[in-house]
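Heads up, the next two complexes both have chain A, just with different partners, chain B and then chain C.
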Partner chain A sequence: MASLGYYLLLAAFVVCAYAAAISVAGARRRSRALIESGIGAFYLLAAIMAVASAVIVYSFVIGDYSIRYVQRYSDSVQPMFYKLTSYWGGLDGSIMFWVSLLSVFGSAAIYVNRERHRELIPYVVTVISVVEMFFLFLMIVHNNPFQTYLTERPTDGTGLNPLLQNFYMAIHPPTMYLGFVGLTIPYAFGMAALITGYLDDSWLRAVRRWTMISWLFLSIGLGLGMIWAYEELGWGGYWMWDPVENAGLLPWFTATAFLHSVMVQERRGMLRVWNVCLVITTFFLTIFGTFMTRSGVVQSVHAFGDDPELARLFTMFMVTTVVVSFGFVIYRLPLLRARNELDSWLSREAAFLVNNWILLFSAFFVLFATMFPTLSEAVRGERLTVGPPFFNQWMLPIGLTLLLLTGIGPLLAWRKSTVENLRDSFLIPVTLGVVTAVAVAALGVRVWTSGICFALSAFVVGTIGQEFWRGARVRQRATGTDVFTALVGLVARNKRRYGGYVVHLGMVLIFFGFAGEGFKQKEEAQLKPGQQVKVGSFVVRHDALSITDDGQKQMITAHVTVLRDGKPFAEMYPAKWIFRKHEESPTTEVAINRGFAQDVYLVLATFDAATQTASIAVDINPLVNWVWMGFGLLALGIGIALLPDAVFSFATAPLPANAATTALIFLAVVLSQGVALAQDTIPAIFRSPLERQVAGEIMCNCGGCRLSVSDCGMMNCHGKSGQMGKIQQYIAEGKDHDAILATFVREHGGYDVLMQPPNRGFNRVAWLLPYVVAVIALLGVAFTARRWSRHETAAPDAAPIDRELDARLEDELRNLD
Partner chain B sequence: MSNKAANGKAAKIALTFVVLAAAFGVLLYSSLGESLQYYKYVDEVMAEPAAWHGKNLQVHGTVVPNSIGKKDNTLEYRFDIQRNGKVLRAYYTGVVPDTFKADSEVVLTGRLDDTGFHATEMTAKCPSKYDAAPLTPGSRPSGGA
Partner chain C sequence: MSSETSIKEPAPSLPSWQLFALAGLVGATIVVFVSRGQSPAAIILLSLVVFAAAAVGAAALRTFVPFVRGHEGLSVSIVGGRARAAIDREKTLVLRSIKELEFDHAMGKVSDQDFAEMGLRLRTRAAGLMRQLDAGAAYSTQIEQELARRLAGAGIAAAPRTDRFCTQCGTPATASARFCGQCGQRLESA
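The block that comes next holds the complex of A and B.
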């Protein structure tokens, strides 16, 4: 198996080299056949990488421990789900995963654009192939995932680090890679445009969507990483400016800048050099981030390998990239001259420019501070470090300024804003911001940075709300429909713009959550059973310590009661798990009670089984969940921007031609949830209805499937049989439904054993959400149906009152999408 | 656009850039002062301990076996860290990382005085997925320092 995999990698390298060379030849000779051959070779590369991926995954599944990579990152008792995700568990595999993803992404980008941008495609193939060649070369000479043990063949693996056997950690790296890999596509198109000299704005149109998709993945990847750190590492926070985190943030800054400045180029023909440079910088930062964290150049608490050979190879690649890319930019400078100049600083393009500078400065600052230890060692021969406070000190004002700009930008007109439209558009948002600021001050908020953040958030929300409202009113007047249809139509006509506003709203929520950090309370205490500690308005009482074992791990669970203002608030079960073979590093199982206002976050820090003593770290984290909700809204916004036009046809079409289909799709989406719940996938034999019900509500603890006991498909799943035995035992003991669930929660030490969260407190939100969505969707269908069934109303008001706004809006509608 | 105008514009942009860069450079440099921490190994510090008194310091070393002491019913720890035979007494109050134990590598942040090192923060080198402990002969050596 191993040699097959290795030969596939060699073949991939050869195919890649062929694709790069033949494409250049085809472009120079203007030979269609050669170009097609290059494209075909690139598709072949994707196929080869898919087979190679299948080989390594197969090796993980059958446990071929003669392959070093498989031996180091899996073992026989590991759940199937984590055996699959071990593919990207280590450096060698993640490089291969990267190459595979890039080949698939690249194939898709080439396939979509091969007719539309025929002149660019050969060089796009070349650029992506050269990038692929570098990583393939790296694997072949240095990080071969198919390397085998020459002499003694181990019988079992060492297993994936327990910290990484977490659902979020399994999906965080691929999301991150999708973002990184996706940003190679804009770079390839940008370079192709530079090489060919076709530097009109068509290459921008080709990469707009790809950049948005990559940005989405990058953002979600960052979010998932934060959730993982929050839930798994147990230090009570989610971001500590570690080099690994920063590596993901750097390209995010520049990609964000690009998404904004690209609008200035489309609309005004300015910033053309700037945009090319941003694309190149973003790509460079994705490579640099990988280099920084994997080569030991920057020391991190994550203790990534110290690998000078890897560092040398990466440096060569990066230097070449920079020299060649910016060399082409300089060579093509005459073609990149701006078509317009900045008319006024009171214009939207100026706001975008400032936004770009700040984002770029953020990237530069984070890069500088992350590299500071390395830099200081090189310059002064002495290792100096800067901690998270230094980052916060700088990023706090930067972040707040960006938030302010988020509110200002949309209110400014293109070219030049007049005093009247400034007064007109700023009135409501500024009032909202000021009112919030006064309210915050009146309530006696101690943390002034958080206070400013709240006020700015209100300002931005005011801006966005006003944009939606005014736009909808204008459209309503113009089309004579109801406000709701007008709103949907408005978004549909301008998906990028209004999707962007939803993203901004997501950012506001994220900042709102960040502001909560200012009110964080922290306490650590050593408690004997019955003792308690007071943190803010909460009292945390340690009741007992229990030790259980499930075969894979030993679980030490503290039973804790939390009281608020003297009343019972929650029962919580922070725990420590000690996995077999990883006794030296127990994992901390944090107990979190989530809420809109705050999370109560408990960590069992140390314990003494003999005296039942537990030291418990208590964190009260206000507003944390708003950060996660913000990420959700952000994804929704990008989703809106990316939706195909057809989805909105019902609201934009003059006649409801597609009405029936749209309504059906709507209903299908709404109903699908019920259908999914009603399905019974695996038939199982249950002795009583109660047993079937409970089995459907308890999570199978084989660790990876995340299915209920009744749905787990593994035939001989030890987790399933154990849980089933317990269920039958409890039923035999005469316990009722609630008592059985309560017993499971107590024994397991957390609510995560239940398929669905119990119906109370914040958990109600999780329950309510599908219903809320369903109701909104139904209302939507009803509104639209009403509109269709109504006869054409009288012609809209001939003279719109708000002429200027109307003109401005229509002007923008025409040009933006 | 005439060449002269273009030059004038380029000069303006360059000037703006230089002024901004200088301003931020100065700001950056001055704000570094308080947050700078020296990153040193135990033996480097112990070569001349008096020189380090009162400075923001990160000390990197390994925990000496059997040196960890904990006051009953508190989270106050006292232990020794060492490197290349030089030993430093350290104090820390709070929750220690899971990996804090004999012979584990730690980085302490805090200040040094005559009684020893008073740490406000403790980071244990946390195991990374990219660097699983090599338990079998022949695999690549682990990273870290």
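The block that comes next holds the complex of A and C.
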């Protein structure tokens, strides 16, 4: 089987090369036969990859441990489901999976567009084939998943990493890959348009749908990754700015920017060069993300280890991509010249420009901060850590600005907003926002960022609600139906716009959930059976500890009762699983009680079987579920936008007005909880504010988590307890915050023990550069805008329209509805 | 399979695909018999391998058939990029944009002046496209150009091209035509 698989990969490479070459030849000689053959070869590639995939999955299922990859990522006791998903559990398999998905996705895109965009197709085939050739080449020379053991054949496998044996982890990579892979399609079409010179808007139309689909997969992939982190890693949060998470986020930013700025091109014919560049950048970032995480350039929980050879190959590919792509852009610059004109800063176009600026800046910032440790090591030879505190500090204002723009953008008119229509359209949303802000302030919310976030959320919901309402009214007047029918008709007629609004609503929910982070409560307590601890309004009682075994793993489960206001609230079972093959890294099985207002999140941190003592970390995470709901709504919105024209139903599912009220109700629920002090039998392990602060800034040195000491969720973590002990000791010695950090750095021998680089010397670059880039980019935007606004508006070429044609036009317009 | 009955049409690709589907089924059946005793999952996967292999066969055929098949649909090289359908789609899009503009105007998002200006631009464009569609220009000019090119290649001088158009419907006409090919309007002699 192994050699069959390898030959299949070789064959795939040959077919790929054939498809690329024959398509170019066909396009240049305008020979239909050659082009058709190229398309056929492309389908053939998909078929071959399907066979190869089936072969490797079969090897996993029958447990062919002579294949290295199978041996390393599965074992005989693994459940069938995880045997199947082990296919993408490691580096080699995931590259192969990537190629398979790309070939299938690409085939679908080519099949759909082969008649409509006949002139682009051969080059699309070429571009995708070349990309696939690179990955196939990687597999053939360097990461062959079918490599076998030369000497004796092991009898059993090592087993998939226990952390990956989680439902969300099983489906997270495929969705993520689909997103990444899907973004190759817009790139291929963009390049085809550049090569052929057919640079009107038709390639954009071919691409928008695919971009939306990939964007959806990317978003859902990110969401699933967050759920996985939340459920499996056991540190109470869902996003820690790990390089791999960032790698997924980077193309997400640029793809989002593209989806927005494409509208400006469709509507006003502006930003044509910019859009091509965005597509190229997005594709580049998907490759760069893969490179970053697969080659060991940056440290990460996901990283597959150091691999300079892989890094070299990837670098070559990336440089080639950039040079060739942007080379074509420069070559075609004359054809891309657009009629750019900006009439006013108070226009939709300008809002889109600012939106693009922020999204691109986010992408740049995340990229920069992720790469900074590597950069610093190269320049200064000093390893640093750029952890969540650094990111949060920056992304908070950026995120809030983006949220604000989400509310402003749709209210602005194209070209120019007059004072009257500003007043008219901003009145309700702004009132809603201000009222929420006042209510939040009156309720005594001390976390001002969350307060602003709530107010902005209300503002955006007001905007979207108003858009739906006014649209429905206009349509009602035009068609003379009832409001409900008008609403359905409204959405059905402009699915992209209203689907987009639903997506915005999803983003609001996500932000609403993020804001809950500000009210998070986190305690840890050492409990004997029968003892309890009070956290917020909840009382957590430890009842018993049980130890069971199912052959694959040992399970230590704490039986915990949670009480609220004296009444039983939930029975919960946080656990630790120790997998036979991976005893050194037990997994945390978090117990979560989900609710609209908050999650009660229990982690069994350490235990002592003899005394039945369990140390339980209790997190009260407010509003987390709104994030997941937001992702759901996001998917729904894209679904609406992608609905085929024939479908005219269900488009009214989201009722923004309702969402506003429910959101406010839950806001009230959350805020009314208040913060009560623990005063029960066992107090939570006491941590002074200073201790908490320092614990959040020092990295746990257990070697795997890359989290701060306060967040590491590993059982009996030697690193954590050691660091914690030191912190307590230094505090007892009377050292202040800076002195403690300095001591840690001295003892550790490097600044990478800190979660964010200290603000001095070369590191100041890390703190300064984002500012500089943001300002320069803003100046750039302003400069271009000014140049555009100086253009004399050309008088519309008022060609006389004959009356008969005009009448027919009116007729067709009526029929269109 | 049934090629005797469809000599004139380009051979439908369906039969070959069915053939391979059949081959896949047969292969899968054989696999199921041969690999008795293995777990169901393994058998299913082996069947999938066989089916995928059948797909490889079909796709391989698809790759090479364009060269052997001598049908005119494939052997003739492509002329021009855009077809009539493309113009038609373009028109629908412009019409939609007009609709959208009207809607935005009703929502108060576009000022009256802009509405008039942008509306006029879009309408002019739509009218132009409609005229193009009426004239069938997408086809006829392409054919004419291609014809001229081939005739020139064959050493025959093409009929002198004129820029004559029908006065009534705007259809291009050849220099020697006396009546419009589209509407029958008598053309003034050149």
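Keep this in mind: the second predicted complex is superposed on the first by the 644 of 817 C-alpha atoms of A that agree within 3 Å, B and C clash if a C-alpha of one lies under 4 Å from a C-alpha of the other, contacts with A are read in each partner's own complex, and residues count from 1 in each chain.
FYI, contacts are C-beta pairs under 8 Å (C-beta built on N, C-alpha and C of every residue); 3 or more make two chains touch, one makes a residue touch a chain.
Small disclaimer: the values here were computed from a predicted structure and weren't measured.
Of the two partners, chain B and chain C, it is C that touches more residues of chain A. In the superposition on chain A, contact of A:584 is made with chain B only, not with chain C. Of the two partner chains placed by superposition, only chain B is touched by A:89; chain C is not. When the two complexes are overlaid on their common chain A, residue A:565 makes contact with neither chain B nor chain C. Of the two partner chains placed around the shared chain by superposition, neither chain B nor chain C is touched by A:738. Partner chain C is touched in their complex by these residues of chain A: 18, 29-37, 39-41, 43-44, 46-48, 50-51, 53-55, 57-58, 61-62, 80, 115-116, 118-119, 196, 198, 202, 205, 267, 348, 412-416, 418, 421, 424-425, 470-471, 474-475, 477-478, 493-494, 796-799, 801-802, 805-806, 808-809, 812-813, 816-817.
Against chain B, in their complex, chain A makes its touches with residues 68, 71-73, 89-91, 94, 149-150, 154, 158, 160-161, 163-164, 294, 296, 299, 301-307, 361, 365, 368, 373, 382-387, 389-390, 393-394, 524-526, 576, 584-588, 603, 605-606, 613, 615, 617. Every residue of chain B that touches chain A in the complex is listed here, in rising order: 24, 28, 31-32, 35-40, 58, 73-75, 94-96, 98-99, 101, 107, 109, 123, 125-136, 138-140, 142-145.
Interface of chain C with chain A (complex): residues 38-39, 41-42, 45-46, 48-49, 52-53, 55-56, 58-67, 73-79, 81-83, 85-86, 89, 92-93, 95-100, 103-104, 106-111, 114, 117, 120-121, 123-124, 126-128, 130-131.
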